[in-house]
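Next come two complexes built around subunit A: one with subunit B, the other with subunit C.
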Partner chain A sequence: MLETRAVPLKYDEALESALSRIESLLKGSYGVSRRAIGLLLLQGDRQVEKQVSEQDAPSFAGIQGIVAEARARYNQPLSYVIALRQQHEVKRILSATVTAKAKVGAGFAERLSRLMMSPITGVPILIIVLYLCLYQFVGVLGAQVAVKYIEDTIFGEWINPWVTELVTTYVPVTLVQDLFVGEFGIITLGVRYTFALILPIVTTFFIAFSIIEDSGYLPRLAMLIDRVFKFIGLTGRAVIPMVLGFGCDTMATIVTRTQESKREKVITTLLLALAIPCSAQLGVVFAILSGNVMALLIWVLAVFLIFLLVGYLAGKVIPGERSSFYMEVPPLRWPKLSNVMVKTLARLQWYFLEVFPVFIIASILLWAGKLTGAFDYISSGLEPLVRFIGLPPETSTIFLYGFFRRDFGAAGLYDLNEAGILVGVPLVVSAVTLTLFVPCIAQFSVMVKERGVKTAVAIALFIFPFAFLVGFVLNWALTSLGVSL
Partner chain B sequence: MEQLGEKAEELLETLWIKTEEAKQDSMALADLPAGEQEPVAHLKEAGYISSSDSRIKLTDRGRAAASNVVRRHRLAERLLADVLGTGEKSMHERACRFEHLIDPGLEESICALLGHPKICPHGKPIPPGRCCQQGQRHGTKLVASLSQLVPGQKGAVAYVYASGSNQLQKLMAMGVLPGAPITLIQRFPSFVFQIRQTQFAVDKEIADTIYVRLTDQEDESAAEPARHRRRFGLGRW
Partner chain C sequence: MSLSGKILSVFGLGGHHDCCGQGSQATQPGLKKVAIVGSPNVGKSLVFNRLTGARATVSNYPGTTVSIMRGKARLDGHDYEVTDTPGMYSLLPITEEEGIARAVLLTEKPDVVLHVVDAKNLERMLPFTLQLIEAGLPVVLSLNMTDEAEAAGIMVDAARLEEVLGIPVVATVATSGRGMDILRRRLGEHARNQGCAA
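The block that comes next holds the complex of A and B.
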């Protein structure tokens, strides 16, 4: 054990006597001083309690007695009493060693911070941030400019013709040719989707997210939005997984660990699975609806209302205590380029390890499905559902894609729009339905890991019919209102 | 106001709660708790209560006196609960004894110290005194919850009044402990405050639990000229 010459902080008599009695009873080896263990026991640390109950089983009851006795002597919890004493000591040391220079007036960063937190200026700033980061940077630069270039030029002119020629020249069997370069070919579907559609979109999102994260904007957003989130049974703290969800819902579902209570974790997981489109979906939706402001607005409004409605109902239904909101508001800082790059790369690496294999496997499964007829069977099974919400039967394919990955389905939507099959009201309806539609395989598996099978399955079983119901209602509302887009 | 005996004050209190809060028209003598019947004759004579058919009710004069007794009792409860940390069990009993020791001058000091509280720890209204109206007009509270401050007001944490250990943990994590200098920065949509060198955002629920002993603006700048700051100009963070 590390020998230090530190002078222990003295507490008052009652605590000191309890501490020395506990210390004399501790015989196990804990890796830290017995006094530290004693202090943690007095403060009610569950983990240390468990450790002591195992290592010092015979004297544990006696130790518990001493702790209870010490507790009874104070009106406040011992953790508070101990914190007060420590605080006092810190103040004493600081006042003797540290002097703070007064700074006159508020700097630019502090003034900007106030503007971000005041609702009058903060909400417009939020809208500007969303517009610039999500719409312009991810939606236009990522999902339109970059996708177009990689898709049309890199894949369309170079890779696809080259690979197609290569495969058709060297592999004489059409069946195997299709596996690589057919409609659902590994190269023409899996690789192309991954690199031409998803890569530019997620990359731009992760860059934008890292910049926002490092600037310190998120806590300001959290305090701004806390009241709205209280309405859906959450607190402003949930803003971090929610915003990350706009990048990748799978990653965001893991981040729900930072939530305080089980209830909040479940609500956040549900909303992430249902109403938070991931960056690939977002990028594709922006791309296909960008020519039509009305259609884009309907999509935003529909998804946002569903978010509020389901959140509100979930907040009412899911049991558990409501948490109160608290969060540190760190100073605003200029993001460092190197940090942004490192974080973006790390997230991209995680993302591609996750997504690339799934895309390849999905391509193979779709190819096999097509070959065996299973694909047509499921597709035609989905057709009545698709018709029910007023969509052309071809769209059933993209819902099938959606099972494999959210972004996969979104990418299919992009193709159908390009082909001119999906336009107008059905395009908006399918965009909304697909946004709400089942969480992708990766997200579902993380939901099972984080929330347990029962909750994950219950969420998926709720979302599936609900998404189609919303699609139906939206289609009905838009057509009976005579909306033409 | 003449000094009434303790028993007379207890009777006025009981009667006030029955007629003013429970909205009964009058109270049967037989319903009085044992020991409180004794001062009835004296109170009637002094014009605090009137009676008919063995039922009693407060006169205007009696109502004013009784509301003052209730006020002192509930202020005492507030003081015991918030400042002295007395538990729920012994609070009422102690407040009963305490209320009789509070004279008008002390009553106003306690009321101001507590930030002119509106309800007792049990959630019943505290009848407002003269100081409450004046205090609200001039905004001269000594102790007020963070949620009652206006942006720019500063002070030191007087005490925290957390409802559970969970909330207490949060307050401790933020360093919200007695003596810490604290300034409210913003009230809406969330409460933002600066404590020492750090800013935090909290909801009303938490802001309600932090009681601040206000320091007069001039006083503080006079005492600590080096730390004088512009109203919205918090330099260090």
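The block that comes next holds the complex of A and C.
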């Protein structure tokens, strides 16, 4: 078979003459044709300009002259002129190769799609999706039914007694016994938190999330809440990292790359670090507050208001232009079970490779901290802060956990609630404060990688006192209003 | 990995963070290279998974892939390194991940560039094909989601399109695997032809 050779598109005379003059001046090696480099220069591509100024330094000024001259000959920006020419050519090609039958009315999927994006019907649909997927599936099935079973039956009746027996029989030293089965034991704290609390919650979340994302609902949600996001200086583009943040804020911080401007990236990173609880936090909060609708509502409202307030202020403070929003809306599709499973497994694998070692190391550090007194020292340092927001002193431990990982702190919250130490107003206050409280180590390191040390540190330094301030105000408001939960 | 490296990566310091654990970041020397490019949400990652047997994360929204993924594929009897890139609408990047994708084209000198497009929206997709041809890159065009196009009553004459554009054009359905064998063969052929021409 003869290999047909593709012929590049011809532009109008003025552009072609500018192009051939630029091409003759380009001597460097660019990986793509000189023609393409010329076109990118004409369209004002900064990255390519920089490359050419380095590789073809002597003729760069001359090239800039040709570009300026060409621009002056057109009323519109050259990127527009060039895109228009390409569009025409594509239309010409398609008229010869594509036939489209006229469509008959809008199908069910199309009607549902419109309902999802219109504010009047879109908000109720959103509430139904949240209720079914987050509350019922993750909050009730994952965080209550599955956690109860694994925690009480598998760990409570089988693993814990068996391991404790084993360790106390074969290891005579209490100190070493504690390392495995004590208050902060590797098995009784690290392994139990990972598998009994975090695993069921995160698994159910990832399943729900995979189904939602494969259905094509997220871009429609982005269109729906674009207006709310405009208020806080973001566009609907921020919806996907935000929703992903409910899974894991660390993952989501990486996905801020899909945003256009630096300003949007900083605001999204800040809001992810502050006001978006990750799946484990969310699941635990649902589990411990679901018995009390009022408490749950206060938590939702408090976190949402903080999200809007800080987002709005950040939008005012952080300089830069607002970018416009345009997103492809793919068709609604039935999620494929195999893809949902594969994705859930891949995410779980990623999550556990990250979380499990941290939990184990945290257990060891806490054990060592207890031993050396460092733990009590830091705990007592946090105690005044904890008292300041009206919480019992035991709570300082979970804030210490929270430094390691958000989900670790959430798991601690679950334990304190089970033990009856945290109930009523203090429970809500601690749930809100812990939700806002510092990004975990993993998230922080990704923030440094994506946004730079200065921004990351500034965000963390803002969040730490701010979380406690909110806790204080909330506690004060609830107690002075005489709210009893 | 050294012990200190391991400890650092446990805390997420210095380790690579991505929701997609498979696929490595570094490029392998010696192998011929295939780069997959195209607009967001046209199924590049599914095509990548089909070609390499990897499991890059696939979703129904634009912007799932934010960093470069690499894998190995056997095409027409030879081994290739296949690179999956974040979506980009044109050769002129707007966002950071589009910049990442373009860098693959500008710096890595792929032996074949596989442009994956949504067969339903050719009008919006083909300008980028023209730009890739303009750039002198060895392009193969994959008309993906042909099933959805057919369901919408859109019929594309792939053979005719191939003639007009002067590049190999293959109709595919990456979700079901339709057309993937032909795509493999055409990619391999095209890569070898490039080798002869050079």
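Keep in mind that, in the parts below, the second predicted complex is superposed on the first by the 481 of 485 C-alpha atoms of A that agree within 3 Å, B and C clash if a C-alpha of one lies under 4 Å from a C-alpha of the other, contacts with A are read in each partner's own complex, and residues count from 1 in each chain.
To be clear about the criterion, a contact is a pair of C-beta atoms (placed from the backbone, for glycine too) under 8 Å apart; a residue touches a chain by one contact, two chains touch by 3 or more.
Please read these numbers as outputs of a predicted model, since none were measured by experiment.
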### Task
Specify the outcome, clash or fit, for subunit B and subunit C once both structures are aligned onto subunit A.
fit
### Message
In the superposed model, which partner reaches more residues of subunit A, subunit B or subunit C?
### Response
C
### Message
A:337 in the overlay: touching subunit B, subunit C, both, or neither? Say first, second, both or neither.
### Response
neither
### Message
In the combined three-chain superposition, what is the angle centred on subunit A between subunit B and subunit C, taking C-alpha centres, to the nearest 10 degrees?
### Response
80
#### Entry: Contacts of A:79 with subunit B and subunit C, given as first, second, both or neither
both
### Query
Looking at the overlay, does A:100 come into contact with subunit B only (first), subunit C only (second), both, or neither?
both
### Message
Looking at A:368, would you say it contacts subunit B, subunit C, both, or neither? Reply first, second, both or neither.
### Response
neither
### Task
Scan A:9 for contacts with subunit B and subunit C and give back first, second, both or neither.
second
### Query
In the superposed arrangement, which partner chain does A:87 touch: subunit B (first), subunit C (second), both, or neither?
both
### Message
One more residue to check, A:294. First (subunit B), second (subunit C), both or neither?
### Response
neither
### Message
Is A:346 touching anything from subunit B or subunit C once the two structures are fitted on A? First, second, both or neither.
### Response
second
### Task
Return first, second, both or neither, reflecting whether A:118 touches subunit B, subunit C, both chains, or no partner chain.
first
### Message
After superposing the two complexes on chain A, what is the shortest C-alpha distance between subunit B and subunit C, in Å?
### Response
5
### Query
Of the residues on subunit A, which ones does subunit B touch that subunit C also touches?
79, 83, 87, 91, 100, 102-103, 219, 327-328, 330-331
### Summary
Interface with subunit A, subunit B side, in the complex: residues 85-87, 165, 167-170, 172-175, 177-180, 185-186, 188-190, 192, 198-203, 205-206, 226-230, 232-237
### Query
Given the complex with subunit A, which residues does subunit C contribute to the contact?
10-14, 17-22, 39-41, 55, 57-64, 66-67, 86, 90-97, 99-100, 102, 105-109, 122-123, 126-127, 130-131, 133-137, 139, 148, 152-157, 160-167, 175, 193
### Message
For the complex, give me every residue of subunit A touching subunit C.
### Response
3-9, 30-33, 35-36, 39-40, 43, 45, 47, 51, 79, 83, 86-87, 89-91, 93-94, 96-103, 210, 213-216, 218-219, 240, 250-251, 254-255, 257-260, 327-328, 330-331, 333, 335-336, 339, 342-343, 346-347, 349-350, 353-354, 357-358, 361, 441-443, 445-446, 449
#### Entry: Complex contacts: residues of subunit A adjacent to subunit B
75-77, 79-80, 83-84, 87, 91, 100, 102-107, 110, 114, 117-119, 219-220, 222-227, 230, 235-236, 324-331
